[in-house]
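In this document, chain identifiers A, B, C, D, E, F, G and H correspond to the written order of the chains, with residue numbering beginning at 1 in each.
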């Protein structure tokens, strides 16, 4: 059916999670084809970085190609999802907390939420609690301490992950975003801040990579072996 | 006794681990004083980045200042450790695996091992399994899959963490080292490689920061709450 | 006919290959004119970086200007080609293997394939064999070991060339692509990875420069003198 | 007496503060000569970046050259100071607060303290209150809110100035230090963090430039015109 | 009404100024909602980085949602402003001087002027006085020396703040702009120049961040406590 | 005998060349041990980056540990070599030409020469033919055109590889060196020049990495399969 | 007439050349106004970086505002020029040679030619003589040696200025362009190459700054005092 | 006599100046040998970057090797010079003005002075006239306007060359130095400032490269052809 792709269908066995389609550089037709192939293998099929226009095209393509298949479109996260058909959805496990420092960081945080939930984790979100007003994050101490792993999305100074890591015992995943004025260097500045966090317990993933943060959180939250 | 330091003795309660002394910019006298203060508070006292010469001076200082206290010197890790006195040492928990890509990455890996062990984790080490000879890492698949969290120290191309993350379900902590020719940019190159790992599940810490990798691994391995 | 260009028609004698037109900053009219001039000198005429729209315009221009001339349009590689008229096409020589790490790297790999084939090399392509699933590249060991020179296109962590170089005795040309999240820095990250490859035998060319990789592979594959 | 230097003795009239000698690239003899020339003009004479060895040599040189002159050596700040002879020392004015995030930032903070005090400002210091333990800085809220201008010296993540600026109405001067692991890039990382502070009211000066922070604080604290 | 935002309405009490909406990454509807919420809390409501098109949409939205509210549109500064309703506008205080080095720096300077004025400061502007013709800035010496704080917006070489700081006793806020040829690196070059100003008394804010410069100037100009 | 190292003794079978010891970060004892282990496996044993002092210590160590073994010390190349004992040295094959642009580039070029010769290639060297005097390189056209592969070591502007590639049909390996004034950025500048060579046919290796250039040249020169 | 601009009409007296309008960030109306003001002062009026569309608008504006004034539009150089009315055009003086390395560098070279000619210099142009075919530049040795000052525009490796400087006694102005693949870093790579030119006698100006190269060449060519 | 060097003795004929020895990476013996070879060819022999210790060794070597030859040691410029024997020294020509912004820039300025004088130019020096006190440079207007070419050495903000270029009609050579705090980036900051000089007429050479500035000034000052 398609020879441009060489799917790693063995991945769930090795790593616990399926291959996820990175939609940014692909056509709607390519995305539809790959999603459908993953779906037919019995795995959950996800595509990230599918903007509104392209999502519409993929949905149309799949409606034609695979009429009965239910595709979820997470618009805020720019993600498409097809759940395995015959599967009774299991209860979500553990507790992943996603925090966005500012309103502008929300799209990146939303990708993290959507991916982590799709993989079966229990996820909650705290928004707009940047360090310019410390009382905002401090008012959530109980929720912070109840999480098994915390993802903190932040642009500009990127300081929130270190503040959070100083308050809890769970691992904190710093998720730098490309939000900010010129010297934020499209996310390099918050990335560096997080790598240099003076509070230990902070891991860092790539800029605007909500997907990567969620995949890592999933591994930590599942707690295997 | 000393007013130059403002210890955060409440940290274990909040984060599960004590403050650790960063020895690099401090005098032997300062390190001895702080270690002893932490020790007297009943917590485990650790100092990293204490080179051979300075370690000797700290040991002498402590022998004079606090004669009965047993100080362990981990020479390969450049670390000093004073265990809480009355405590019967608990069994180490979980499983932290530390991997060094090459022989030159060993000192950084050793710091990770020493810190993680001091904090009560069960730790093991695999050495010299860089990707130039893939069979070396592949021969350890069982040990890789038995770990709850894996730290991979690598300089130069920094590619090993991504290879490992593609083989296991556990979270992988990429620990870039400053080993390499000029274009390794003192560790920036492997740091970037790890941030861009095409296999999901990789978190990254600062360059040569074995301490930070261990603190993060400890949080993941303990699996709280 | 045109005074804006000063063609180096002596180049094949000195270097074995003709001048190739870099289409990116040129108008369709300029490209058509230069291609035709090279063609009339009896050499093979190639233009890279000619997007779909511009290619159409060049084809129209050439159809008008030089009616009988057959122009091939390699759409996936964004390349135009006019073969020398009277020449019986020789058998392709040697063996150049092009590998793309991911689907998003394909356009760059395609440019390398098209240029290398146009110059008379025997070329084959392996796609979508990134290191997140090592078994994919390992399943091609025989083809890897049969090649005289291997081009490996990879973005993100750029780790595949080093893995390949550890498996074969042939020279490996690392071809970094600009694919990836923010910290890939538009290809700088995989470029650095390849320069720091811990497996010896890797050479590196410019980012997204499939043309340059092919020209180098051609020199190696011809094996002169 | 010396023709290698062209002092700007008019500076106090224009800017309110004298020229200060940057000792780093100068010989002890040069420093002694310049200090003495400034002193003879009736202004306060300061030299920064004079390490212990060089300070001793300058003191010896001045003892020989200008026997009666009293030179103060601020060892922690690596600064030399000669106060104007006939002047009755005025009361210090306003309130400059200097904060050091960690013990390793103290030498830079000490330079800021020494320079600001020498210029006639009332200065106080808070040490070792990094954001890994927020309660430390929060316990000083009253002192923070009583200051007219606050200098915050921090290396590593450089996040403390933004936290402080969110708590007070006074201007905050971010003073990045070169303390940290590799990705701190010798102070570039905290410098960027401070430039991107999400709390408004933060100004930034050069790395390790305690002198510059103090000169700026002096201008703000004097509140002219 | 809206749960995507978590306003810090306590900020004026702590820092003397309200939260300001950064319009760049937000929709017109979001901006309208947040402005109106701030307005209803009795504080001044400002939104920066609202381009002409978006401003029109926000104005329409507010006209529908909150018919009686007067919204000012500062087109040159891309700013929207709603003043507190019942408040008799106080006299502006102190003296903030904004200087733009060249005509291309004007939009950034205009943002600084509009924000500083909205916060109640007395503000004046001097334009187009770059150092290529020193007589231009020197002809304004009296105005320079009458200001309590000076903001200097400059791109390209970014040298004007240092020149100004050498002429006055007031603090100088360097505001780098992204104006210039390639090696200006979108504002990094003037940012570095200002950080390295050889005349003391210069503080630096982020690139093109007229808002941040004004917020800092406001703190200095108010002169509290 | 030693458990700190995990030699890849299978490498010659896979890649045609043995593992080579990178001496920079290792002790004399470690180097001696590894060299001897490689030697006993019947392969050629090489160690690069062994400075004069360390070389002496390794020689002493080996004289004690393995009395009969002949170790060659290439002082100019900072390399140690132990040839397989029973082997009748084969004739060197092919033709590798090494060129150094300036006298300061010689140590790097010497490493390339020594490694390439040790691996059995026929190697020759042309020195001090930088582009400031083009006649120097042009006077060697015959030797340039007789080589199967050419290594060009150059610092500063790094322009020589492109000039050479425009004159010959053989592949050219650009070997940037860290020679030059400040803006050479320790070799980054010539590295970039070579990556951007306007003449096709240039591959680039890491800064000062004569070893890597030689390993690549060896693969090309052997011309397998 | 316009208060947004503060022209430096004294500049010719001080520096020998008038202020030139940088059109990039300005509206057509602004450009027309400033050009006309300079023209009325009796000086030559030039505007650079005026693209085709904007040029048309400026011409229309000037036709309406100042009907009799003759405006020249140099389309290839994106420049507008109004010569002083009553002036009999003097003979061009000296000899400025402009060289473009490749066809893609022509627009930048054209700006240099147009500005230098407008200022009264005798200018000639050599095109498409990059170092990939050295015979091209060598065939112009006589013209090279007859010039009083040479501007060399080059992107990619930026090596041509050094080659030229090694052949002549005149000063060479390196003019880096933003032409090239990713690692050319938008002109940073050729800029660095030129700063590191191993042949002395090369000066460097900003990326794509044909205007700046011409202004400098004009100063050198006039040879004052 | 020596085969490690390939002198370009034809250079004076082509470029008007001899090859100059860059002493930094060479041994005293190498420098002595090359200087003597140049001297014997009848040209002026210069070596730069010869520190005090190495200079002594070269002088001893030359005293032994070539007893009658007079070698001048310019200690402040770290330069050695042997003038052609039989030549009656010609009058220096033209007027090269060297300016150092601060005392710390003097060693770099001194190299420029020494090289320019050795090549036969009339040279004068103005010291310590940084822009923090503009009156200092303005007091030298007559000397500035009398120069044919001006070299301005400056570290930190590097702003002085632009100020000078706005005052004179002669070409200005910006010579950045590595003097400054951390964000000066070892001279990169002033280098960028000079490349972005808002006053036209500034050329830039490499960091701390007084030699290069002098060689360029020599070409401009001689005014050929």
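Worth pointing out:
Basically, contacts are C-beta pairs under 8 Å (C-beta built on N, C-alpha and C of every residue); 3 or more make two chains touch, one makes a residue touch a chain.
If you're wondering where the values come from, they're calculated on a predicted model, not measured in any experiment.
Touching subunit A and subunit G at once are the following chains: C, E. Looking across C-F, A-D or B-C, the interface that copies G-H in more than half of its residue contact pairs is found at C-F.
Each chain gets one centre point, the mean of its Cα atoms, and the points for subunit B and subunit E are 46 Å apart. Chain centres here are Cα means. That of subunit A falls 28 Å from that of subunit B. Averaging Cα coordinates per chain places subunit E and subunit G 36 Å apart. Touching of two or more other chains is recorded for residues 11, 14, 132-133, 165-167, 180-181, 183-184, 188, 191, 195-196, 199-200, 206, 212 of subunit F.
Touching subunit F in their complex are the following residues of subunit H: 3-6, 8, 10-11, 14, 22, 24-26, 30, 176, 178, 186-188, 191, 206-209, 212.
On subunit H, the positions that touch subunit E within their shared complex are 101-102, 130-134, 138, 156-159, 162-163, 165-167, 180-181, 183-185, 188-190, 192-200. In the complex of the two chains, the subunit G residues touching subunit H come out as 11, 14-17, 20, 145-149, 165-171, 173, 191, 195-196, 199-206, 211-212, 215-216, 219-220, 222-225.
Remark: subunit G residues 103-104, 106, 127-129, 132-133, 135-136, 179-184 touch subunit C in the complex.
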